Amino acid sequence: MSQYILRRLMIAIPSLLGISLVLFVVLALAPGDPFGELATNPNVPPEVQAALRAKFGLDDPIYLRYLHWLAAMAQGDWGFSFVSRMNVDTLILQRLPTTLYVIGSAQLLALAIAIPVGVYAATRPYSIFDQIANTFAFIGFSLPTFFTGILFILIFSVKLDWLPFVYSTDIKATGIAWALEMIRQAIMPVMVLGLFQAASMTRFVRSAMLDVIRLDYVTTARAKGLGQAKVIVKHVMRNAMIPVVTLIALQMPAVFGGAIVTEQIFRIPGIGSLLISSILANDTPVVMAVTFVFACLVVLFNLIADVLYGWLDPRISFR
Amino acid sequence: MFDKDLRTMIDDVKDGRMNRRAFVQRMIAVGLTAPMANQILSLGGVAMAQSPNPYKPTKRGGGGPLKLLWWQGPTLLNPHFATGTKDQDGSRLFYEPLASWDADGHLNPILAAEIPSIQNGGLSKDAKTVVWKLKPGVKWHDGKPVTADDLVFNWEYATDPATAAVSGGTYADMTVEKVDDLTIRITFKQPTPFWANAFVGAYGCIIPKHLFAEYKGSKSREAPNNLKPVGTGPYKFVEFKPGDLVRGEINPDYHMANRPYFDTLEMKGGGDAVSAARAVIQTGEYDFAWNIQVEDEVLLRLEKGGKGKTLYAVGGDIEFIAVNFTDPNTEVDGERSSMKTKHPILSDARVRKALALLVDRDSIKKVIYGRAGRTTANYLNGPEEFVSKNTKWEFSIEKASALLDEAGWKVGGDGIREKDGKKLKLLYQTSINGPRQKTQAIVKQACQKAGIDVELKSVVASVFFSSDVANPDTYAKFYADIEMFQIPMTQPDPALHMRRYHSREVATKDNKWQGRNFPRWVNKDFDAAVDAADTETDPIKRADLYVKANDLMWQDTVVIPVMHRAAVEACSNTLRPALSGWANQTDNLQDWYREG
Amino acid sequence: MAGLTLASPSAEPRRGYSPWRETWRRYRRHKPAVVSAVLLLLLILAVVLGPFVWRISISDMDVVAGLQGPSLAHPFGTDDLGQDILARMIYGGRISLAVGLAAMLVSVFVGTLIGALAGMSRGPLGYALMWLTDLFLSLPQLPLLLMLIYLFRDGLKAVFGPEGGIFILIVLVIGGLRWMPVARLVRAQFLSLREKEFVEAARALGASPTRQVVRHILPNALGPVIIAGTIDVAAAIIAESTLSFLGLGFPPDTPTWGRILYDAKDFLDIGPHWALFPGGAIFIAVVAINFIGDGLRDALDARKVI
Amino acid sequence: MALLDIKGLKTHFTTDDGILQAVDGVDISINRGETLCVVGESGCGKTVTAMSILKLIAMPPGKIVAGEIIFEGRDLVPLSSSELDDIRAKEIGFIFQEPMTSLNPVLTIGEQIAESLRRHEAVTKKQALERTIEMLKLVQIPNAAGRVHHYPHQFSGGMRQRVMIAMALACRPKLVIADEPTTALDVTIQAQILDLLQDMKERFGMAVMLITHAMGVVAETAQRVVVMYAGKVVEEAPVDELFGNPRHPYTQGLIRSIPRIDLDAEHKTRLEAIGGSVPILINPTPGCRFAPRCKHAMSICAEREPRLREIAPGHRIACHLGDAQ
């Protein structure tokens, strides 16, 4: 097992190198430059813009830029933002706690909703509860977050005036008041994102449960007099979670990448909004760093998912 | 027209026979901007006045927090690196220039003891030197005094190519020397009629020599104070999170009496314009939101139950459609829209005129811009009273159809005009932005009625305005028949604004499309007028030349002005901001206060 | 000991039933699936035939009559430019439905193919495919899209015409960027299913890998795939509208459902009808496709009796 | 008093096409220590009957609409699910048809056997493990102490069925219901499993209800036989009586088909013995359900349903033919 993990990690190194090369090429080939905003400003002559491009090495050949990046990355230098003129790792670390808090809570909320609802709906397929759960799930993924976000703001901030809709990283209070305010301002973004994720996840959990619940060994378990709850949890869920784990592992890197739209609507200074604003500003070093971290997470969680399968499903052998 | 009249008027003002304000109004009426009128006066020997200041608080501080909402937050806080207005606005919270423009287009001294004028010896008659005097006793936030050395340093810092400062252009073509501890002299290489650019306004903010001297040139990125500004402004730096938050606190040693009013300051970034407007106008979570480019209908609705209102600051920003004079579909020597080609359809002036007739500016104003727009026929715009004697616009599908008929474009079976078997089909590109796409739809509909088939294309702003050579979708390459965007008029002087369309500025492959004349319009009279204006020291003649240049552009339909745009801000009902269409929103932050 | 094995009814080939008819029979028993198929058909008919019945042009503006609620003249009301929302939805529905369905098929097909290959392969191919999946999962989509447009737009336009080219590009782009979850799900299912007894049995009987996959594994892995597919339809309809914001999609004046919904978002408190109709249409399409998927699974899955 | 007495059991399923009367008035009783075989074609309702006893059928769509299931004097039908849980495995054990799929693939066999012990008997984890190993030894699993921690996929089909038997017997139930326990196994293994079952029965003295469609199995193991057809009991008799003197045409057909298979396996066509196939039990026609396939069908057969009646001690049939004779 540990040998398997080690081997997988070894394989991950060339794989990440390959991914980084592709990422770099895509970013380099994509049109746009970080100084576009200067273009229509009559105060800034085009020569200045050209000088800036040259200064930041944007006119060098791609392979040279990639090698520069790789060499720097190997030494732990994540790069330097064109737009903010500061180190990329500082930028990312500044935003990490918020992302983990808000987007992480949303993922947890999604799981906390999806698993019980999906499981319960699957034990009573086509019951009223199931129908209602399904309808909400369908509405959930039919409506994009840009829409539900605004709807929530209109209801809870504008009409009812219960919740703030501008996320603040600078809450003046301390102690309990601080914690309460942190929770209060996170409610809406966490709900919007969590419910959206929960919608699709509920459907997956329900489907996986239904696939398992009709299998013979579940009847065997029931014949042992274990009781409904135990049968569902120990025998059905345990097996149904195998595909669901894939999904959750697939979502985990997204926790880091954040939910761009939600972050935008509620002004949450997370990694997602950093990524999107960097992309729109063509701030390549930041985009490269964030996506590369993202790639590492994807590879890592892929590995974790595979190990988890092995743990959940003894039939899978580690080769 | 007005060479002689103007001279008399200036004299009238000098002698007090004519009110300053009336003079400015008259100038505006003939197509000059207010700041330009003021500059004419100062070069004509009338000292620049300051608008009466309505600032009411009688003591410093006590105003509580001021919460600003910028839907694009500042990403850096060094004014010399500010790529966009958001960065300028953020820097300006802590740094100050010598002077800034107020709402009436007057220069308002900030760090300067007074505004240079011919009377006080600050301006030379040949418009080649300016002498600025610093206010004595001004201190940086860390307690060090502000001296002429700081000013000289800023010039050196910005013009060192290795620094890679964005402000390099502002300080180019001049030398700055120290006269005494509080005085500097700027010497221009050319007579420079518009002298109030360096050290003025957003790009003119001054950074302290003692903290940045070691980081001039290639080490500029290492300066720790790039992220921790130490300026002279009304608020001292507390915290900065790029793209998210800037915080400041009151500067107890601020150099202006009774200012500032607020105890703390917060500038929050991110989000979109509509929700920013909601946070100020509907819920009152914030006091002020910047650049609310939202359909007027939405704003009107928000204001109904509101805790806030919208404010409009008129400058010279113009939204327009440019016409391509070269052929975007034929490649010559590896270059489309080459100067060696002529546009097969639009090189005919009648077609261009017809297009101008098909832009329904009234509807565009009504549905999209509302209070934030003024219809105009001019490329060079003044405030709202502006009515040019020489130019006019109208919307008429009939007249446009008649012109097209005259030009030989006959309506075909499918309702689309054709000539010599060629369909009248145009590609209309712009950057991606809600109001622009709606404008496209309105123009397209009118064009269809007149028998022109218009294909719409929209490009992400960062791609559209980029300068990478391989990118085919930039506005400068102009691989389309017509394109629409806005050129902001960041300075109250038309020199740079008009120089764009000089024939030597044509964007071509040879200059890597860095030329700014993207319609690739070439007109000898225009070149002559702009060239003459650049070195003309006589303000009256100079103004006349620019008006002529504007009229030439109108006559030839180089651009079709769509809307003269005002900056729209959302403001809480109790906040009293000091805004100007010629300045950034935070440029007069020291004068902001709250009432009621 | 020789046991007499009497026939079981399911093992006996039913007289007059071909496998397809059998599938259809099973499908028909899933009532919501039948209703949904009819509903989807109606939606498709409405957007295809709609323009012949509802003759208001999508671009006719009436600035004075902007943002009006539903009325006889405009059953779905008007948007802020005074354009008829019904007409726009009929027009845009063709694109939205076509893009949603086609992109879903692309992503499900590619995802299933890659997931199945990766799940069955025990060699380097499996690793290579998972690498590819990881690569796609980590690619930042926005720059990638911009690059794709810039590389391929003109070429596709030249080959397939402006509309066809853009359609193909959009479908490939959306499908091509959404297959990864499907691939991972399918692979996960395959990893455990290929060890299951019935597959081992099939393998022992000498069934070819293709047959193992198609007959034995795939139907068992179908459940999550169908759900992923349904979610993809909704996501593709909305993603299409995002693409037009990047200048990749159809021209900005093409009123697809996602686009109408996006345009309406700022007017939610002034003209809620504007958002209601496209939102509702996407919802109906998604629900219908989901139930059709459920029905199909029941029909294809021979194990499920009652 | 019988250990288990099923009276007039009706189990119906709701389907899209109508009500499926899978079990329609079945009477079966089993005495303590007795082996009863229930035979019939697949789909005749024997599995549903067995599953109904412990309410293991899916409800919905299944439903026990009428009848009593009296186990040790107590009617199981009205019991709640949790009340039944005390009877399941503890009093009545269950062995399923498919050893390949009836074990949970992600739990070790030890866990699966032990959980039943832990549920019904006050044992510690350790004791449960010891008893599990003991059970595995009893069902002749080699190296039981090591194998207890193995997963089902590490066992062959025959071994798994042994595990299933160990599981069903772990709590020493008074009745074991074995639903076609050998159908899915190789012929050689089938005999071993039946022997094991027999062996266990002798050791623990429980009653066995063996459900099968193989007459050979019946002859070898049963003391009494119940023949079911289309959701109904058609004949019931001690095993010798049934084989020696089958009275129902359907039973006769079943028995006649045995030697024919033995003699002429090559030409075996499965339903040659009895023409036609099992009727679909949705809205069945009145009268005898076997009538359409019966060589001896009379006009009354299509009109009136035959009642189960005793024609000899312990020998009951449901056929009009007997009346005529």
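To keep things simple, chains are lettered A, B, C and D as they appear, and every chain counts its residues starting from 1.
To be clear about the criterion, contacts are C-beta pairs under 8 Å (C-beta built on N, C-alpha and C of every residue); 3 or more make two chains touch, one makes a residue touch a chain.
These figures come from a predicted structure and were not determined experimentally.
> Please state, in steps, how far chain C lies from chain A along the shortest route of touching chains.
1
> Could you let me know which interface, A-B or A-D, is made of more C-beta pairs in contact?
Answer by contact count: A-B.
> Which chain wins if you rank chains by how close their C-alpha centre is to the centre of all protein C-alpha atoms?
Taking the mean of all protein C-alpha atoms as reference, the closest chain is A.
> Could you give the separation in Å between the centres of chain A and chain D, each centre being the mean of its C-alpha atoms?
About 52 Å separates the centre of chain A from that of chain D.
> As a quick test, compute the distance in whole Å between the mean CA positions of chain C and chain D.
It comes to 46 Å between the two C-alpha centres.
> Distance between chain A and chain B based on Cα centroids, please, to the nearest Å.
About 39 Å, centre to centre.
> Can you work out the whole-Å distance between the CA centroids of chain B and chain C?
Computed from C-alpha means, the inter-chain centre distance equals 47 Å.
> Tell me, which residues of chain D touch at least two other chains?
101, 105, 153
> Of all residues in chain A, which are in touch with two or more distinct other chains?
Chain A, residues with two or more chain partners: 31-32, 150, 158, 214, 242, 280, 313, 315.
> Residues of chain C touching 2+ other chains?
Answer for chain C, listing residues that touch two or more other chains: 146, 150, 195-196, 266, 269.
> Under the stated contact criterion, what part of chain C meets chain A in this complex?
Touch residues, chain C against chain A: 122, 127, 130-131, 133-135, 137-140, 142-144, 146-147, 150-151, 180-181, 184-185, 188-189, 191-192, 195-196, 223-224, 226-228, 230-231, 234-235, 238, 258, 261-262, 265-266, 268-269, 275, 279, 282-283, 286-287, 290, 304.
> In their shared complex, at which residues does chain A touch chain B?
My answer: residues 31-53, 55-56, 58, 80-81, 83-86, 91, 94-95, 150, 153, 157-158, 161, 164-166, 168-170, 263-269, 273-274, 277, 280-282.
> Residues of chain D touching chain A in their complex?
51, 54, 56, 58, 81-82, 84-90, 93-94, 96, 98, 101-108, 112, 115-116, 119-120, 151, 153, 164, 167
> Help me check something: in the complex, which residues belonging to chain B touch chain A?
69, 72, 75-76, 78, 81, 83-84, 161-162, 164, 166, 168-170, 172, 197, 203, 221, 226-227, 239, 241-245, 247, 266, 268-272, 275, 278-279, 282-283, 285-286, 460-468, 470-473, 475-476, 485-491, 496-497, 499-500, 512, 514-516
> Would you mind writing out the residues of chain A in touch with chain C in their complex?
Result: residues 11, 15, 18-19, 22-23, 26-27, 29-32, 138-139, 141-144, 146-147, 150-151, 154, 158, 200, 203-204, 207-208, 210-211, 214, 242-243, 245-247, 250, 253, 275-276, 279-280, 287, 290-292, 294-295, 298-299, 302, 305, 309, 313, 315-317, 319 of chain A touch chain C.
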